[in-house]
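We just call them A, B, C, D and E in the order they show up, numbering each chain from 1.
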Amino acid sequence: FPLKGVRLGNLKDSTMTVSYTLKVANAKFGGFSKLLFRWKGSIYKLLYREFLVFCLLYTFISILYRCVLNNNQQEIFARLARHCNKFAKLIPMSFVLGFYVTQAFQRWWGQYTSFPLPDNLMMVVSGNVHGTDERGRLLRRTLMRYANLSSVLILRSISTRVRKRFTTLEDIVEAGFMTTDELRKLNHLYSDFNKYWMPLAWFANLASQARKEGRVKDDIALRLLMDELNNYRSKCSMLFHYDWISIPLVYTQVVTVAVYSFFTFSLIGRQFVKPASSEEHLDLYIPIFTLLEFFFYAGWLKVGELIINPFGEDDDDFETNQLIDRNIQVSMLAVDDMHQNLPPLEKDKYWV
Amino acid sequence: FPLKGVRLGNLKDSTMTVSYTLKVANAKFGGFSKLLFRWKGSIYKLLYREFLVFCLLYTFISILYRCVLNNNQQEIFARLARHCNKFAKLIPMSFVLGFYVTQAFQRWWGQYTSFPLPDNLMMVVSGNVHGTDERGRLLRRTLMRYANLSSVLILRSISTRVRKRFTTLEDIVEAGFMTTDELRKLNHLYSDFNKYWMPLAWFANLASQARKEGRVKDDIALRLLMDELNNYRSKCSMLFHYDWISIPLVYTQVVTVAVYSFFTFSLIGRQFVKPASSEEHLDLYIPIFTLLEFFFYAGWLKVGELIINPFGEDDDDFETNQLIDRNIQVSMLAVDDMHQNLPPLEKDKYWV
Amino acid sequence: FPLKGVRLGNLKDSTMTVSYTLKVANAKFGGFSKLLFRWKGSIYKLLYREFLVFCLLYTFISILYRCVLNNNQQEIFARLARHCNKFAKLIPMSFVLGFYVTQAFQRWWGQYTSFPLPDNLMMVVSGNVHGTDERGRLLRRTLMRYANLSSVLILRSISTRVRKRFTTLEDIVEAGFMTTDELRKLNHLYSDFNKYWMPLAWFANLASQARKEGRVKDDIALRLLMDELNNYRSKCSMLFHYDWISIPLVYTQVVTVAVYSFFTFSLIGRQFVKPASSEEHLDLYIPIFTLLEFFFYAGWLKVGELIINPFGEDDDDFETNQLIDRNIQVSMLAVDDMHQNLPPLEKDKYWV
Amino acid sequence: FPLKGVRLGNLKDSTMTVSYTLKVANAKFGGFSKLLFRWKGSIYKLLYREFLVFCLLYTFISILYRCVLNNNQQEIFARLARHCNKFAKLIPMSFVLGFYVTQAFQRWWGQYTSFPLPDNLMMVVSGNVHGTDERGRLLRRTLMRYANLSSVLILRSISTRVRKRFTTLEDIVEAGFMTTDELRKLNHLYSDFNKYWMPLAWFANLASQARKEGRVKDDIALRLLMDELNNYRSKCSMLFHYDWISIPLVYTQVVTVAVYSFFTFSLIGRQFVKPASSEEHLDLYIPIFTLLEFFFYAGWLKVGELIINPFGEDDDDFETNQLIDRNIQVSMLAVDDMHQNLPPLEKDKYWV
Amino acid sequence: FPLKGVRLGNLKDSTMTVSYTLKVANAKFGGFSKLLFRWKGSIYKLLYREFLVFCLLYTFISILYRCVLNNNQQEIFARLARHCNKFAKLIPMSFVLGFYVTQAFQRWWGQYTSFPLPDNLMMVVSGNVHGTDERGRLLRRTLMRYANLSSVLILRSISTRVRKRFTTLEDIVEAGFMTTDELRKLNHLYSDFNKYWMPLAWFANLASQARKEGRVKDDIALRLLMDELNNYRSKCSMLFHYDWISIPLVYTQVVTVAVYSFFTFSLIGRQFVKPASSEEHLDLYIPIFTLLEFFFYAGWLKVGELIINPFGEDDDDFETNQLIDRNIQVSMLAVDDMHQNLPPLEKDKYWV
């Protein structure tokens, strides 16, 4: 028999979130070292532009000091550099970055776990909205379509990837998540705010109607549908709020200013100037430790930038479009193809 | 057909919470740097007054040292400054600020997630309180009005913005959240404590009456209404307690005293005094690192100040008035306009 | 009509938990500075005795060093002081205090959120135990009285304030939470452990009896009563366990010893002794930074002391007696005065 | 009437978990200082042996240095000591201890809150399994006995105290938690894993049988019994898993090695050796700061040791045997003595 | 009577997760020291290869410096070494490791608690799917088989151990978790994503069919089955997402680069070079503190490596194969052997 679900062609080609834990499942020799030689989703890819700019600026100032300045100016510059170097240590970047990134990390995971997945809902619809005739199929498919439509509406306002895929509401109709009538109804209902909850209100009303028609057999089954609907809606709502209420801008600014100003002063303070006194002098030309420090702290800040909005288009961001496709596909599979379509019951291997 | 919901005019003009995550969705070159050039909701706007005061005081002391004091006094001042500078390092501000702000941050988010949203309740009311006649509409609208009234009552005692909008209970009647009879009843009932729960008790009794009238069809639907009512009430209650039980004053005082005293002694300790011994001297006039440190630590404390009460009138505080308008609007939309008002059922695009 | 609830006279006069967040709702100029000039619930009130003792001891040693000791003894003392000063830095107080206070803080908030509030229970009783006759009122009032009695019993064993108010079980009878018969029954039932759960067992049995009498209309309503009862009991139980299982004594001792020994050695190490070598000498007589450090670290430890048991009689501790009064008052109001006593249903302002 | 519950004699004599919060309910002068002079459950009791060993070793090396070594050897030793002292600072013990103990602390509290208490279950059994005849009593008592038996089985495999009390399964029969028939059945059922869940499966089956007999009146009451049973089982299961999956051994080893090696090198590095150069020399003989540091860091590690398994026999460990006795006692009291045994309903004091 | 459950032979021989808490139940003298002398699951086993490589490299450079370089080159090398040593301190490894490992630890425990255990489900199936005839047994066994099959499918894609055991889907049929018909059906249903949820959809449909046949007696029992099914599915789903969404690669790279570069520069910086000035020189040949530091920091990173994927084949990883065996065994035991198979009801020891 032919499958009635949604068949989507191009999923294999889409970029995948960078999963690497299977590669480091065993803590073998070298361990994480194998993770260092990757480009996709790596810190190198994220940071190389900033790194180049920092190197260029450092070289520029270095040449200025060595070739342009006269002896007296060099002496003043050297003093300034030592002053910068001494005081730059006063900014406790590791503290503020540690706390900031930890908080961003918790929100990041919180956002992922708030992603509305229709799995519970589709099992409940499949098991409790009866009838293998056309009306039954229509009811089940429409219920699941409403649920998926709702998540598409909310994701459009959050994720830049989804926004690009569905630039207008017509694109959603085009993609089969909504009918033209539904779009007209949605547009007619006036609200100053995001209308993502409306298809879920239709779900509630349609379920209630299915109960009247006897497609939902009893009140307890209806309650189950309502409970799962509310769980689903809560997740959509949570996603909306994670987007609306960001980490206070002030906090992000304080952290950013700390890191940026530290490296601005490093440009001067870490030049290989002549030492003040009898102190030993070593001129390496390439400030390897300063570059390392830059890599480290700027990289830590980049972690924060990356995870503060996981619905962007970074290599490591959530695969929202893929998840949308997966959700509609499995929804239809579960409520239509698999409805009352059981493998034959057999005695298992250990039957005595 | 005309919409029966609440249409509110001036929402677009109201100030919006500062959402910026969409701007940094992709971790591109520069990353957070684009967030540094904003005034609204920024650390600059919050901090510039303290910053000016600090600069003025520093300048005053600097002039005093350079122009007014004689050589001997200068020497004593220099010693004092070195003493201050040495010991000011003993106060571990980054530690105490890191822990304090983290705790304030968790409460801040906890408060936001405790904000009572009627979405679950309105779906349940729309799906389970039947009848498209006037009595049915009246029941559904009144139930949702009670819920919204309750949240307005609790928010009035928490949020300065809401308090300004509804200075007296009559203002709430005026805004259409309460009738005059309800206000009279509310005033009649004597309680030494916040009465925000009373409209919810009316909700419970009205739902129970609707069950008797057969508008709520079965006991399980009534139970569902009661469960969602209790969830809603728990959030109102949580909000009340977040407000009542603050972070212990003692903790806030310890943190504040630490930061303030640090910068008081910085005013002396960070003056460019003549060095004690052969130590190198550099007179920059403008204490750029001290200003940076001020910006950083005082900014971190400001983050704490900002998030310790998110129901104030800061740029970054929660949009309580907007949320109140949104809630009553969508409540009415869901239980009245959208009640049993479904788009026609059609076969979806993938139907086989 | 006269109110049937509990009217309590002296609530207004009782001390209130120190709520200050409304005062700092807006992050204005000065910010937290306005919180520094308070006495009630302040760190000054908590710490001034320790502070005075520290000052006295410091002065005593200072006089000893300056006036009593001869030159040779002074030299030895100075060495000892420098030794103390150098090694006192080895104790990472900020670390251990930061982690300890954070953990105490989480327990503190956990205890508050475990406080049993009858609000959910009273709504459920009001909506599901029917009958406006005397028997109905008696059932509802008794059920709520049992719930409140239970919380009083548990709070007596936790809170010093409640223990003072109800020194004997007779005081509870006197206050109207229990009848003499109930007290007799309670005493008769032998248990080696806290009996706070017994009134809740009566609640369960009485609800079950009300179901038999038909006062509770259906099994689902009874289940709702049972569910809310279990939630209420869980909170009482949680409170009991928070009290029974403290933060391990060992942890508290380690932290306390660290802070106390640090300041004991500070008494010697922070004296203004003559410097060892060419090092610069500054004699301030008043060790302002040491006092500041004392204020800071001892204050942080005081935060821990304050929040480790929030059921004491500190200014900042929970208002247990007030909450007990509030709970019985609103319970009676909700199940008696407000039972089926609804304001007339009217069309709201936005009705179309 | 005679009580039908379980009367246990020797509870008063058993050691109690060290609760001290009531003693520090008010943050008075001195505060935590009163906690320092306790022996039971104290850090002194836990640490004095290690402390003595450390002192002995230090003294031994000290005598070796002062009396045995010649001048040249002393010089080499002094260099070694200075080297040790300088590098021992490189190990960030406060960091790793802070994070480790925090994680152990969260598990510790998680384990306590996973302790299966029969309170909810017994209320549900008392209110929903009807009949005051012998069959009814037998059903209720057996159900509660099964629940308690299950917790005894799981605690035997976790707690050393409970293991000592019930060395064989026969001891459990002896103590009245199991009958001989039940033991035979338990032994007959073959499983390679802990069988703690089997009595709970009996509970489920017995409840289902009671429903058939009509002792449980309706399906909703049966569902309530099943829900509470599942909660109870989840807690038993959680306890089992906390025991099975420890904090990774590797983590514990890293922390332990850090602390132990630090103090090993302290034995050499903190000797009062002659200074290298003009540096000031102070020979205190007793290395008071090193001892303090030992007390502090080793004490912090001991906190970790103490809480990593709260089911041992330390003073501060959970009172598992007492809790087992309490649980069976209150279970029987609630389902037998208190079943349908209500105090007479009276009008309360505030009745109007 | 013969047991009908699954009897598995080789469980005893399989490696067990390293549980050690029972060994340190009592905080005795020495405490954790006894944990240091273990090889299995120890840090030594994990780290010895890296340790050897580090030693070899250090020795190589040491020999180069001492034997190959001439005086002038030695001088330059010494300067370089001092430079390295001074700047290597700038990388705050303890901070970043502390925060990183803490976050990995929380995920690690989150993954364990997401492990789907059939215990609740099997009790509910045993108590609510009736009939001791063949059809009843078949229904119960098949339901539990579906649940177990689902967890096997998800674990195959996560755990390297389970993947090795079941390399193809045929291996799962072989092991008795699936019949050939079921495999055919599973293969027929097309989905681009993991199909672990399909057997659970069969479960839902089969339960619904059992309700129609009257094997499940009422709607509330069916709802209970559905609720527990959804809990079980949520756990499978959570496990899938923990695997899919790793800690961002960028974060792991930053931490790894920090630790690796630190030790690369330690190879040079910690050589025993001749001191720059009058500074004291001590040549130990073996850099004991550097090795200790390596052991400590690299060990801490290894903790991160170990717990970032607990489904590998390390000694300390979860015993997924064992758990799979345990789950199918107890499932069959509970729903078949123990179904309605109760020990005789007897009066307990304390019966009065």
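Throughout what follows, a contact is a pair of C-beta atoms (placed from the backbone, for glycine too) under 8 Å apart; a residue touches a chain by one contact, two chains touch by 3 or more.
All figures in this text were calculated on a predicted structure; none of them were measured in a lab.
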(message) Touching both chain B and chain C, which chains are there?
(response) none
(message) Applying the touch definition from the top, give me the chains sitting in contact with each of chain A and chain D.
(response) E
(request) Can you grab the rotation angle between chain B and chain D? Superpose on CA, round to the nearest 5°. (result) 145
(message) Nearest whole angstrom, what separates the Cα centre of chain B from the Cα centre of chain E?
(response) 40
(message) Please tell me the distance, in whole Å, between the geometric centres of chain A and chain B computed from their C-alpha atoms.
(response) 25
(request) Find every residue in chain B that makes contact with two or more other chains and list them. (result) 3, 5, 7, 46, 95, 98, 102, 219-220, 223, 302, 306
(request) Please report the chains around the ring in sequence, anchored at chain C, with chain D in second place. (result) C, D, E, A, B
(request) Show which residues of chain E lie in contact with chain D when the two form their complex. (result) 3, 5, 7-8, 11-12, 17-22, 24-27, 29-33, 35-36, 38, 41-43, 46, 94-95, 98, 101-102, 105, 109, 112-113, 117, 119-120, 122-124, 126-128, 217-221, 223-224, 228, 278, 280, 282, 284, 289, 292-293, 295-296, 299-300, 302-303, 306-307, 316, 318, 325-326, 329-330, 333-334, 337-352
(message) Going by the contact rule set out above, which residues of chain C touch chain D in the complex?
(response) 2-7, 46, 49-50, 79-80, 82-84, 87-88, 90-92, 95-96, 98-99, 102-103, 138-139, 141-142, 145, 158-160, 176, 179, 181-182, 184-185, 189-193, 197-198, 200-202, 204-209, 219-220, 222-223, 226-227, 229-230, 233-234, 237, 241, 243-246, 248-258, 260-261, 265, 276-277, 301-302, 304-306, 308-309, 311-314, 317, 332
